[in-house]
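In the two complexes that follow, subunit A is the common piece, with subunit B as its partner first and subunit C second.
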Partner chain A sequence: MPNKTFFWFFLPTGLAMILFIGLPIISTGIQSFYAQHDQVVKEVKKCDPFGCTVSIVVDQEKTSKIREEKPLGKFNGFGTYVDRNHLAIEEIGKFWNETNSFGEFVDQVTNLPFYKALIFTLTYCLFVTPNVLLLGFIIALSLNAVTRRIRGPLIFGTILPMIVTPLVGSLVLFWMIDAEGIIGANLQMLMDDPYLSLKSSKTLTWITIIIYGIWHHSPFAFVVFYAALQTVPQEPIEAAIIDGASRWQRVRHIVLPHIYPVVTFVALISLMDNFRVFEPIIGFSAEGSAQSLSWLIYDNLVNEEVILFGSAAATSMMTIVGIAILLAPVLIRTWKEFRTAR
Partner chain B sequence: MEYGLDKRSNALKIFNTTFIIVWLLVACFPFIWTFWGSFKVRADFFSRADWWYAITAFNTLLETGGKFTTDAYSQAWTEGEFWKASRNTVIVTFFVVTISLFLGTLGAYALSRSTRNYAFWILIAALIFRAMPHITLVSGYLFPFFQLQIWGILPTTIVVLVAINQPFTLWLLYSFFKTVPKELDESALIDGCSYFQAFRHIIMPVMWPGVITAGLFSLMLAYNDFTVTALLLNQENHTMVPKIQSYLGTNQHEGNLMWAVSAVVSATAPLFMLVMFFQRQVISGLTAGAVKG
Partner chain C sequence: MRETNMKKILISLLFLIFGTSAYADCNIKSGSINILANDFPALRTFVETAKGCKGSADFKVTHSSEHNKIAVPALTANPSEFSARIAANSSIVPLMNQDLIRPLDDLVKKYGKGIQDSQLITIDGKIMAVAFMANTQHLYYREDVLKELGIAVPKTYEEVVAASEKIRASGKMQYPYAAAYKAGWNLAEEFVNMYIGHGGEFFKAGTAQPSINNAKGVATLNMLKKLAGLSNPDYLTHDSEAIKVEWESGNVALMTLWASRSGTLLDDDGDAKITASTKLTGPATVAGGNIPAATLWWDGFTLAKNRSDADAEATFRALAHAAANKKMVADAADQAVWLIEGFKPGPKSIGVIEAVKMKAKPYPMLPQMGLMHGALGSEIVEFLQGKESAEQALKDVEAAYMSKAKEQGFL
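Our next item is the complex of A and B:
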């Protein structure tokens, strides 16, 4: 296709992506270097029969005037990046000097909002992704062994958790797990602990959200693996059966190598999706004990008094860096393949 | 994989069946339970005393005189203004799907027919864009949108959702276009068609399965979106998913939690119907590009 034709065909979609994906990233980058204005204060002298007092009040007029003149805020450089709510360089230095043991130091650091969120996000990715692959593969194998006639409805049932939006999916589970719901109430009875509830324990909350993640993402892995299983050639498997290979050996040495490229694809996609985990935290109302990077940004953006653009943007930029680190191996590999293909 | 030589032991068969039944229970029961509970009053579905009330409908019987009540639905749809939210969802979804498909088919066709290097790099860029968490993009939008005073209205959200959706649509349609033989449009070009005519009259008619699949995914994205709609729309223009969340936040009066339950059911039911009818397309879409390696 000539370049000119290509240009016109691609223009609309390219423009949409540049304007609403490319530019926002730049806009986020710029915003992250600014912070919201401080409030302008003035001294007010108040006198009454008992004497004069000087009090400091916010000068509403001047504050709003400054905000109007420079809506982006004041230039802050990398200030937002290193403040307490983000990388907290200063605080970490302080903890390093003040704490006695390494454990205590780690404890202090992981209580800082950014590190807390980072750790939750990574833990979530680390536990959900492999389990999604595993469960998806097992479901695909066992559905594949079922008579063809009833597979349709079974597949429909299997993909339900995936097609609902994460907020709805987590709400539906939350209403059951909650102390007043069917599972929660039964667990209380089983454990003989009337105060057992999701919100009471951080570990329980994390486990619940991770289980939710596996529940929500496994169907995707299942669908892809199931389709891949249909393309596994029959001859080597029959040969293996004749040679006396056990079922496990067949899966291990024939099926798995055949679907290996698909496994990397699913792992990559689910890693990307898990890294942005955020809606389940709202669905499970777990803000108290589990925060993710995306949730931090959301929280800044829905801030009641003044939207913390700078803070949200700084977290966003660091999230993008995280995504870049996650994607780097894949991109480098693709680039190498591309170069050798030429 | 029904191997002629393969003999399954009975134990394996039983294990397999049990596993599938257990998994299906895990996958579907929460939805069935929520559907069931949406016809009860709050004191039953969220029972402090005994969860068994949700089945016997003890309080529902007391409060409404029947075992099932549709109060939650009628209140959420009228008083809770869920009708407005669902109308907004319909508008957003319709335009997102139409515009996405229009832009996506043009772009993906060009990508699939180009032999240049830049086509490859565009696809890689699209993959990177696909990986961006939506919330980071939203944090980029909010400030300029406030300044331009286009925040809060439906058209802005529609354009944003179309753009966010483009990388995935491009990849999906690209892999579908690749399966249409090049000779088809080349012969049309030789006969004197322009590229656009070849695209319009020769390629599009054979592309319907791919277009339907891509349309379904755009639809699911627009319909299910929370991040963008919750932050870029004002209260008045909220679509269904942020509306459900707003029912959770306002706990002042008792009805609200049941509103959320009935709203969840109302929002999920059409989606399930759709997937039931188009199951084949959904699955082919998820696996396009993946299975070919």
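Our next item is the complex of A and C:
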């Protein structure tokens, strides 16, 4: 396609992307550099059905004046980014000086909310993405081998986890792993431990969420791989069979190289999706044991009675940076291949 | 047979007609009313009663348990989406902080006939809300279980622990205690209650500096952990609804739960034997203190600032009609502890009445309290899981709170 045609083709999409993705990101970025104005408070008498007390309120007269002058708030630079609830630069420095062993230092750092969330998010990504790719590929290969007659229903069954709304899917599993649910109760019997609870242990909660993630995302990888498998040319495979190549050798040397670009694509999308893991945490009520970066944003926006726009914006920006870093190796590689191909 | 049925229908229809015509005194000529409220039976009754006198005004209501998340954005818009918001001690604070609600003095003077002075929430001499019901968290117990094991009804949390241990030792129940310990708002609320029971203060007097990392804070956490140890191991995922289900399936003999839930626990649904022996008592005290380890809450209505005066007037008249309605209070006496004149407390309101008698403190109505509540909800979890010390957990709460408070301009 000539570049000019491509440009006109892409223009509407590009405009929509700038309008609905680019501008909001810029606005979020600006917001992350601002904090609320200093609150002017005053002592007043408050009375309710249970009696009167002297207490404080925000002085609206003075505050509204400051707000009108600078509606965005007080410029805070990277203040929100480096505070204790985000990158915690100061605290980490302190821990480094105060702790005696490296293990203790790591303990202290992973106790900070941002790093706690980052570790869960990365663990989730690192376990879910490769497993999704592997499982999706195995399912695609196996389904490709069964007779055409039963393939339709099998494919439908396989992509069900993706059709089920994430929240519903996780809720179903949540009830099943309850101490009185079908999985929970059977596990207790199997392990011979009536106190075993999948929800109360941090490790088990993580494992549950990761397994759920693999279950939920595999169909996507499967669908794409299955489509790609249809394009694998039959001639080299037949030639390989005649040469006496085993099934594994055929997959390794013919099928995989052929669908390699698709694998990259699925890996990219998967990584991006998994880095924003959110629904299972809500569905499993796992806030106590597992927090992700997206959950932190949600927490700042809705769980407090006061909305922390600055915090939420800062975490959003860092999530974007995080995804960019994660994707960088794959993107660089794709770019290089693109260059050599030309 | 059919005829008697017809008669019944006719009579009820007549009642309906007369019922509405009895509200003739508040027929509102114009304006539009739109109310945002939490979703539980008493509030539905209240809003329905207000609707009864809407006259020719436009009337809309949104009942949602997610009301907290909508309120500030919806009332910030100008004109505001809602003309009134049913709020409580804690949820009025963000509205006050952002200056989103209007003083009601003139309206109360003009249309507030029948509203008692004790219902008025005044801040700095201005009426900001009109309360109509009270709520608190208190103890529920299974009379049959306690009787069988010869346990007296516990009055302190130490007794709750002893009683639960006895029940567990008897082999009757594995996890005899329950409270809403779900990580987040619910867990923080339990901390607030227990800390107030220990006589603790959340902030250094007159400032927004936190002051919970002290002996009282540690004692609070240790008591919460003891109680958690007697609860279902999944306690960090259990909210009020989940423990209500636990109770109704007979897994629990002692429970701390909202008074406003008593209605659904004592209704005809579920196992009749459990319902019959479900009894209410006041909130428990802790560590030899006199004040109960509980907070008092009121629910009341506030009016949006960013809405025309005509709408505010129409809304106030309708809601004031409900907030001074003796008939509603008599009809729905078991739905809530109404603060309205003419309320005769029934067996379902024992908890709140006892709490008031014991001089329970109201939930702190401070501008920065929401941030403290949020920090508590996430930072004390690891202590309960046994992953860190009480001191470390309290230090974390203070640090998390400080960062948020700095961002919000309180420090």
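To be clear about the criterion, the second predicted complex is superposed on the first by the 269 of 342 C-alpha atoms of A that agree within 3 Å, B and C clash if a C-alpha of one lies under 4 Å from a C-alpha of the other, contacts with A are read in each partner's own complex, and residues count from 1 in each chain.
The rule is simple: a contact is a pair of C-beta atoms (placed from the backbone, for glycine too) under 8 Å apart; a residue touches a chain by one contact, two chains touch by 3 or more.
Remember, it's a predicted structure, so these values are computed and weren't measured experimentally.
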- Task: In the overlay, answer first, second, both or neither for which of subunit B and subunit C A:213 touches.
- Result: neither
- Item | Comparison of subunit B and subunit C by subunit A residues contacted | B
- Query: With the two structures laid over each other on chain A, which partner does A:289 touch: subunit B (first), subunit C (second), both, or neither?
  - Reply: second
- Task: Return first, second, both or neither, reflecting whether A:27 touches subunit B, subunit C, both chains, or no partner chain.
- Result: first
- Message: Applying the document's definition of touch, where does A:136 land relative to subunit B and subunit C: first, second, both, or neither?
- Response: neither
- First (subunit B), second (subunit C), both or neither touched by A:178: both
- Message: Just checking: does A:307 make contact with subunit B only, subunit C only, both, or neither of them? Give me first, second, both or neither.
- Response: both
- Message: Contact-wise, after the overlay, does A:37 reach subunit B, subunit C, both or neither (first, second, both, neither)?
- Response: second
- Query: So which positions on subunit A get touched by both subunit B and subunit C?
  - Reply: 178, 285, 302, 307
- subunit A residues within the subunit B interface of the complex: 1, 3, 5-6, 9-10, 12-14, 16-17, 19-28, 31, 71-72, 138-139, 142-146, 148, 152, 154-161, 163-168, 171-173, 175-176, 178, 180-182, 185-186, 215, 219-220, 223-224, 226-229, 231-232, 234, 237-238, 241-242, 247, 261-262, 265-266, 272, 275-276, 278-279, 282, 285, 293-294, 297-298, 300-302, 307, 309, 312-313, 315-317, 319-320, 323, 326-327, 331, 334, 338
- Where on subunit A does subunit C make contact in their complex? 35-39, 41-51, 55-58, 60, 63-64, 74, 76, 79-80, 83-85, 91, 111, 113, 178-179, 194-195, 197, 199-200, 202, 284-289, 291, 299, 302-308, 310-311
- Query: Which of the residues in subunit C come into contact with subunit A in the complex?
  - Reply: 68-69, 72, 89-91, 93-94, 96-97, 99, 118-125, 131, 134, 174, 182-185, 206, 208, 232-237, 296, 298, 339, 356, 360-362, 364-367, 370-371, 373-374, 377-378, 381-382, 385, 387-388, 392, 396, 399-400, 402-404, 406-410
- Message: Considering only the defined contacts, which subunit B positions touch subunit A in the complex?
- Response: 1-6, 8, 12, 16, 19-20, 23-24, 26-28, 30-31, 33-34, 37, 45-48, 50-51, 54, 102-104, 106-107, 109-111, 113-116, 119-120, 122, 124, 126-144, 146-147, 159-160, 162-164, 166-167, 170, 195, 199, 220, 223-227, 231, 241, 244-245, 248, 260-261, 264, 267-268, 271-272, 275-276, 279, 282-283, 286-287, 290-291, 293
